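Some structures are shown below for you to check.
Next come two complexes built around chain A: one with chain B, the other with chain C.
Coming up: the complex of A and B.
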């Protein structure tokens, strides 16, 4: 009985799973217009950005892109996606990268550089604010979904 | 044939490519203090030093790593990583932690050849990356006894999403060597593992991970051959030796390490709540030799996340099968009359005790991520060492004992871990 109570306390402290704690955001995931992907699920975006399965649903390899000079946007993206602050995301990636398992996303300096890269790279995927979306890219996931 | 095709593909791609090189790294500056005059803390079995009461040690926990990622094409990259961790013998071979070429023709398949991180248990691949985990050190109960870092060989990984669960299976083959030391010896000679076959299965979802690791290997170790020969000589040359030391030859043959097989198995999992991560691992080592008796170990850890602050508590245990010479009917008075007899007896005892670990540790600690790539950690361990299981801990220089001892130790760790 005591053990059961302890478990309840633990669950209360832990609250819900972090899946349900993802923040809302006005960030969207965009790809090249020629990319056959029309939509992605949240778990697929997590797989892409956490190096678990870096491919689109049709199996073609993907090149995820992080924003380099805008920590606030990068922090917002990961907090919304996996419910972790940047330091924990970096801790996760240090485990994956320095064990030689996978490479982290490449970085582009700002949202314009990201848009330019997406327009010239068919297998790229990146997050930008929805008000920066142009007709030259395709939205495949919205963080506030 | 497979290797030839692989190398052909590689060379043809390398010739056409203009590689991009990325440089990054990691490190930890760590302070260790203990309250024991009798049990000297060390990070793992490769360490010859020990941290005793009134010591302020930075050698056990401090390291610095640098990694070069050479991206040749979309399919091929080369990873080279060197780590300084106060190795007993620092040279190119011991500093090189990773040095492999990867060919990944798709997201599903990946082939690596060269020196890879040894995927023996859950944390062995990144045990030196202090920034990667919440604690100040990986649990000594599982990882102290295995100082393994890398594997020279090949591996192939198959990854596939199964609904919302990511599944990956890795097959590996190779060999490795690593320094081992015990009982305060200033030397840490290399020990070799050969014919290493391993399988690592990973299931990862948004909130939980489960990993199963199984490795089978052969010990390629001739260091105890002189001891085996000495006992065999006693048996053939000393009259009535079987009465002095019953079954001596059978014992030493069973204790021989060379060409004997061993298996390393672990199952681990973690679950991430919004504010709490729970993780646990159970590991088991079984061998065909008495020199490394079966070891069972594990830990359970809970980490409470409060933005940049993480508070954790862990319990860990390890227990080895105890095999003692003391109850095996050896006539020590008679053995003392045999020139070299007691020395061989003592060496045999050391051999049996070499991997004897029997202890439990309770840890509490705090990790503060004061920058996106820097963290400060403070951890206190309370360890109780049970009967016949203290080899992880160094004896002090005054006693320099090779006997296993019981007792308890409190240890304080303060680490600054960083990425660059």
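Coming up: the complex of A and C.
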């Protein structure tokens, strides 16, 4: 029985290690090539996505984008950024929405739709998998850093 | 109920102790409760914060004043919170204008970034409310305590009453009415067979046993003493002789019935004292006193015969007095005086003396008495006339009428003599029908006159009632004077005798002559007669 519980603890630790390992995702944040911003800090990314300061460092208004259909990617993004599951992020927005001061990011269907939107919108910002990055977008932040 | 009774004292002590303990514990409990409440309040404020931490974090993160206001207002609605405020990005949101005493400050953590403080939330706990609550709890507790104290007191008193006081009171009551010697014993109270009370009762019973035993012994002793005393008293009280115990000063300490009887006989009242050695009772106390002093000086018991002081009419009382000096344990001296009545013996002795000197029949002196008294006159050289009387015809009366009649005549003659004599004179029967008179300091004329009268009286006929006959005697009388006729009794008697014979010789021839004096005799007669 004791051996069994020790085994459970080992498995649990292993699982956690695996999870944290998974948290270091290979997602990156991308913007329009004409965007003057070359790089963003983690706090700046958080403020952009959580509605506190929805603008780029030069003061121009930003439009953050969420992925709509790929919930796995979205969860991975928020987990890596603020360490919250999607449910809590949704709860946060449902609370904040009524105040009218902040709005949650707009949503695009998939990564392709996101790339298209970035390419045609100069003040947009979105997260995509590293391997989907093209030369038509600029990477300003890497979540695994 | 007895104010200092055990139960009352116990009740007072337990009651006060309960109240004191209740009061102290209430105070203590209040403090503990207050601290607990404060801690609990802090804890609950902590939990309160936890419930609004997310909202507060959101408000601080977004610098959302309205949301922050909602947070502090919401906190303030809780009764443990007096006031609340939030600080973030130079913004302060407060519930009310009240001051912040004993504030609890929480750091508002960033929702999205670990270990990043983005503001503070300050909560002022409602100390007054906490105090009030603690007080309320303490009050309830105090009530419970008082109830408990009452119950404890009641239980303690009941237990004490049933277990200690009641048995003790019962024991005390039983002991109170127990009289040693009646055989009553205390009973051991229920449930106290092995307790100290049971032991006390058993000890008391043992004590009672011992006391009773002693009582019995003493009673027996007392009875013996009483019996002895009774016998002594019997001895003392029934003694025919008065026994008196006096102090040397004369105060009477003890006396018996015989003494009272003697006093009555003497016609005296019972008094506390009759002087030292009862001297007032004696006719000649100085004799007694000196005799006693002498005897005591020689360490002897004083005895002697003394006459008691009596009133004139009553008979003389003589007693043999025995005085014993008694010295008791505390060295005080007492005299025990015993009086033995010897009056009877004295009277007998007197009567014996009387018989020796008197003639039984005529109650006049006999020859011995006459001689004794005449010798007394001669010794004192007192002048007197001696008269010798011889009855005439007495022998014939004796022969005719018998001795009894003769005696009757003699008594008659003696009676005449007694009637004729002067107080200073006396007379007696010389023997047979001869009588002798002594006339004190009488000359011839006086003597003659007195003798003549006597002869007349004697010569009167005497009526012998037995024979209804008159008898008549006469007298031949001779007389002699002392010291004129002789200085010796016998000489005088002889002279008187001669003179008397002369008269007798002549009684037929000269019956008118009945008396002749010695100096009238012829010289021859004196010599040869």
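The rule is short, and it goes like this: the second predicted complex is superposed on the first by the 123 of 145 C-alpha atoms of A that agree within 3 Å, B and C clash if a C-alpha of one lies under 4 Å from a C-alpha of the other, contacts with A are read in each partner's own complex, and residues count from 1 in each chain.
Convention: contacts are C-beta pairs under 8 Å (C-beta built on N, C-alpha and C of every residue); 3 or more make two chains touch, one makes a residue touch a chain.
Just so we're clear, the structure is a prediction, and the values are computed from it rather than from any experiment.
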**OP:** Tell me which partner A:43 touches in the superposition: chain B (first), chain C (second), both or neither.
**Re:** both
Original post:
Now for A:109: first (chain B), second (chain C), both, or neither, which partner does it touch?
Top reply: neither
Subject >> Superposition-derived comparison: chain B or chain C, residues of chain A touched >> reply: B
**OP:** Answer with first, second, both or neither: which of chain B and chain C does A:97 touch in the superposed model?
**Re:** first
Subject >> Contacts of A:87 with chain B and chain C, given as first, second, both or neither >> reply: first
Original post:
Touching A:51, do we find chain B (first), chain C (second), both, or neither?
Top reply: second
Original post:
Where on chain A do the contacts from chain B and from chain C line up?
Top reply: 42-43, 46, 52, 82-83, 92, 95, 99, 101
Subject >> In the complex, chain A residues that touch chain B >> reply: 10-11, 13-21, 41-44, 46-47, 52-55, 59, 61-62, 71, 82-83, 85-88, 90-92, 94-95, 97-101, 103
Original post:
If you look only at chain A, which of its residues touch chain C in the complex?
Top reply: 42-43, 46, 50-52, 81-84, 92, 95-96, 99, 101-102
**OP:** Spell out the part of chain C that touches chain A in their complex, as residue ranges.
**Re:** 55, 58, 61-64, 66-67, 111-114
Original post:
Which of the residues in chain B end up touching chain A in this complex?
Top reply: 24, 26, 65, 67, 69, 71, 74, 77, 79, 81, 98, 100, 102, 104, 106-108, 112, 116-117, 125-126, 129, 131-133, 159-161, 164, 166, 168, 204-207, 272-276, 278, 302, 304-305, 307-308, 369, 371-373, 375, 419
